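Sending over a structure as structure tokens; questions will come in a sec.
Chains: A, B, C and D, in written order; residue numbering restarts at 1 for each.
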Amino acid sequence: MGPRPEEVLITAIAGMLEGLGHIAVGASSPIPGAAALLARERSAGTTRVSILGSERNNFFTDGGKELFDCAGQGRIDAFFLSGAQIDGAANVNLVSIGDPDRPKARFPGSFGSGYLYFVVPRVILFRLEHTPRTLVERVDFISAPGFSEDGVYRPGGPHKLITDRCLFDVDRDRRRFRLESVHPGHTLDEIVEQTGFDFDIPPGGVPETPVPDDDTLEVIRTRVAGQIAEIYPDFAARVFATPTH
Amino acid sequence: MGPRPEEVLITAIAGMLEGLGHIAVGASSPIPGAAALLARERSAGTTRVSILGSERNNFFTDGGKELFDCAGQGRIDAFFLSGAQIDGAANVNLVSIGDPDRPKARFPGSFGSGYLYFVVPRVILFRLEHTPRTLVERVDFISAPGFSEDGVYRPGGPHKLITDRCLFDVDRDRRRFRLESVHPGHTLDEIVEQTGFDFDIPPGGVPETPVPDDDTLEVIRTRVAGQIAEIYPDFAARVFATPTH
Amino acid sequence: MLATVVPVEDLAARIPDGATVALPPDYGYCALGAVHALIRRGARRLRLLGVPAIGFQGDMLIGAGCVETVETAAMTLSEYGLCPRFTAAVKAGTITVVDSTCPAIHAALQAAEKAIPFIPLRGLIGSDILARREDWKVIDNPFAPGDPVVLLPALCPDVALFHAPMADRFGNVWVGVRREQMLMAHAAASTFVTVERIVDGNLMDDERTKAGTIPGLYVTALAEAERGAWPMGIPGGYEPDQAHLARYAELARTEEGFAAWLEATVMTRPAAAE
Amino acid sequence: MLATVVPVEDLAARIPDGATVALPPDYGYCALGAVHALIRRGARRLRLLGVPAIGFQGDMLIGAGCVETVETAAMTLSEYGLCPRFTAAVKAGTITVVDSTCPAIHAALQAAEKAIPFIPLRGLIGSDILARREDWKVIDNPFAPGDPVVLLPALCPDVALFHAPMADRFGNVWVGVRREQMLMAHAAASTFVTVERIVDGNLMDDERTKAGTIPGLYVTALAEAERGAWPMGIPGGYEPDQAHLARYAELARTEEGFAAWLEATVMTRPAAAE
């Protein structure tokens, strides 16, 4: 069987994590979690993965604050953020639509985004619903800003934005997204139409997001699938048809 | 056998601790430790005692900082401080004599005094060597000041000063010591002569420090002695002739 | 010193109306039995504090009308979706939400634990979280001018309320690696804990259990409540009651459904554990 | 991820001259075997940091000429009296002492742990500790003007060095309630640990041992060193070697006595544990 869309995403994200020492993954993030585990599988024992909500992949012993302290210390190289809205300046909104005091829609809240986005060097933005409703010109509430004024302590920030349609790179100097690749089965026109913010398109054309080779697929479907099933049994069963462990 | 000098001190100090919820005792303080344990014996189960260096009487589970955090929270009602020098303004010196950069004498250091003296409501100053060398007009180094300027956060401070010769009360308004009682076998003249700082003597005369009654002596020599022997075996053997536990 | 041990209903009765109550997230140890007792006693104007997020227990308290404000990094039922009573209350404007972020809540509780008036925190600058917090300040770093730093005032809850696997008769409560519960207990003026069981002996006597134990010094009162986290689970103990939680998430979508759930699950029982 | 496990001598070789080295007090877990190896390798210009006080190990390093500065709340041999080589060095002006107080050291390490640039602390105002600290600042509380508050900059040691009862092959180190060692490991850039033994299995797998364990994430390298605290003891393990400590305190009163102790105890052995 050829690669499933989730496997393309997992492979693309794992490529962003190559050679990193410590990758942390938040709750409810099966694709980023699988990508981190794939990166670990390929690292020959040099990559750590902390998955919140996993008993087996949670190294922390100093309470809820430790993830944040650890990130602040520079000991976490990559993390994932999503957003109800993400805008063209890489701002993330996890709070509400409309006036926050009487919102049209209210989401759970900012979690640790207002901190981790500032201190983790590679924050990978991840949003499976790529529409003008989610990728907007300007978010209604900034849980965490994409970029900061000069002088603001900001060792971290956005590294890539990956959706169900494509992958964007981040131009930190111009503070904009630049289309990097289009996932198999999707088109540039579709992406322009479905993106609410303005972004750069490289003049030489945009490649297709690479699909995993057979070796990678094998690792994803065996070792990664087995581990991810511990944390996200429904996801693993649906995508990899793993038996219950 | 009548009361020993140590037992007079233990009883006098225990009197200062009556009804308190939580008494903490630093390292190397057998007489304050015994006094705290006596206060606990008399409290019908309402007094806690934390003795640093004791496995059995140490409640803390959050590392070296917890004693200080706990005191800052207002959860420690009494603590003991000593000093290489103590002066008439209740300043405490645990650091050095002479120029601190090239001292004539160097002591271990301030430990937690520069903090605990500010936040523990009843800090009991305790110095067994009562001479003009130790009770001085002005300390050479202020590890912790006796009193603070208005506006400085200071819920705590000196409560009493007890020595091998006498007991001083603290006049917080006038920021001076006032002789409260003279220990059996000592005289007012001797105390004036042996004290390097000026202090108040109540006009009506100074009573003798009360000696423990038989019931108190019995508690000290049995239950308190047994507990203190765990922490200070040499002290217990010397003062109470306790067998090794 | 022996602990104060009371029935769950009495524990809830000691939490006054208007109190700021610190609560753990769903993946922590939630004292649902005591929360249900709070609802039964008709608690009002509670100020919930998520440490750092709140789930089912907060939604239940909000639905039952016990809550005036919520300060939290998130309100979520995780795989069961948004908190329906929370969402309805926010839209109706019947509760006030004070949006925060996880490390800010931890740091501000640490400030309370350390009895320091405020604590700095990185991040936040440029966010609407900060823009909407009049109680937070930005100063120029006194050690490195030109470096703006956010200061958070210490967050001192009136009450910490949580569940734990065990306690001893001295009030020592074992929480293992759930040290955010220890932070809550240090920071709060009063700490109320329900436990699966009160064990013989002293948890402080074994260096291994001691390392994960909150000293009785910080515990105001205890209640024994077997399965006291139900319908939540406790890590290493029992699993969450998935069927009940799914039913809650479904029923709580409407006021009527929530009322029916409340009547059937909370109001007619003296305590969830019985 | 597997830990880096090296011999004690190699561990000491990884601590460079001029490093700021955080050390526990005598009642903690002291890595005396590694300290002796540091002396053997001729370490120079070390900047010791007591967490919060230092005893025998600091006096030995000072006597052996390895130390340039000591920042600590105290230097003491407890029942064996003052630290003789420390006292001599202070009087001779050959080391610099930066006097601190216990909670300031803990708080400044917590600032490093939290990656915040500074942390406030109560107390201190009016003391000569504060008066002599040019690196500390007093500001007016931004939340309550008229309230002076001391700010301490974060204290980020280059190295934390301590001993522990056990570690596993993943570098997880069990310290039980000695959480100041965990704080040191979080705050320091590199953490070197000697352990009585490296155990099979994973200390994180049992919730009870996990609660007292420093994750391998923070541990730069480990050395197995049975009786690696000698002549100090470890709580719950073996007692301090009282006879040896008394002899040290006696001999170290003079430079010649210290040199004789050093030659007999440290210089002629490859490692104290062997």
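Operating definition for what follows: contacts are C-beta pairs under 8 Å (C-beta built on N, C-alpha and C of every residue); 3 or more make two chains touch, one makes a residue touch a chain.
Keep in mind that what you see is a predicted model, and the values were worked out from it rather than measured.
Engineer: Compared with chain A, which chain's mean CA position is the farthest off?
Structural biologist: B
Engineer: If you average the CA atoms of chain C and of chain D, how far apart do the two points sit, in angstrom?
Structural biologist: For chain C versus chain D, the centre distance works out to 37 Å.
Engineer: What whole-number Å value describes the gap between the mean CA coordinates of chain B and chain D?
Structural biologist: 29
Engineer: For chain A and chain B, let me know how many angstrom lie between their CA-based centres, rounded off.
Structural biologist: 59
Engineer: Could you pull out the residues of chain B that touch at least 2 other chains?
Structural biologist: 60-62, 65, 69, 72, 119
Engineer: Could you say which residues in chain D touch two or more other chains, in rising order?
Structural biologist: Expected reply: 107, 110, 114-116, 121-122, 147, 149, 177, 179, 182, 210-212, 235.
Engineer: How would one label the connectivity among the chains shown: line, ring, star, complete, or other?
Structural biologist: Contact map by chain: other.
Engineer: All pairs of touching chains?
Structural biologist: According to the stated criterion, the contacting chain pairs are A-C, A-D, B-C, B-D, C-D.
Engineer: Chain B touches which residues of chain D in the complex?
Structural biologist: 27, 51-53, 72-76, 78-79, 82-83, 86-87, 90-91, 93, 97, 99-104, 106-107, 110, 121-132, 146-149, 177-180, 182-183, 235
Engineer: Going by the contact rule at the top, pick out the chain C residues touching chain B in the complex.
Structural biologist: Checking each residue of chain C against chain B gives 1-2, 112-116, 182, 186, 204, 210-218.
Engineer: What residues on chain A touch chain C, complex-wise?
Structural biologist: 27-28, 53, 55, 60-65, 68-69, 72, 94-96, 100-103, 106-119, 141-145, 148-149, 151-153
Engineer: Okay, in this complex, where on chain B does chain C touch?
Structural biologist: Contact set of chain B toward chain C: 22, 45-48, 59-62, 65, 69-70, 72-75, 119.
Engineer: Quick one: in the complex, what on chain C touches chain D?
Structural biologist: Where chain C meets chain D, its residues are 107, 110, 114-122, 137, 139, 141-144, 147, 149, 151, 153, 176-177, 179, 207-212, 235-236.
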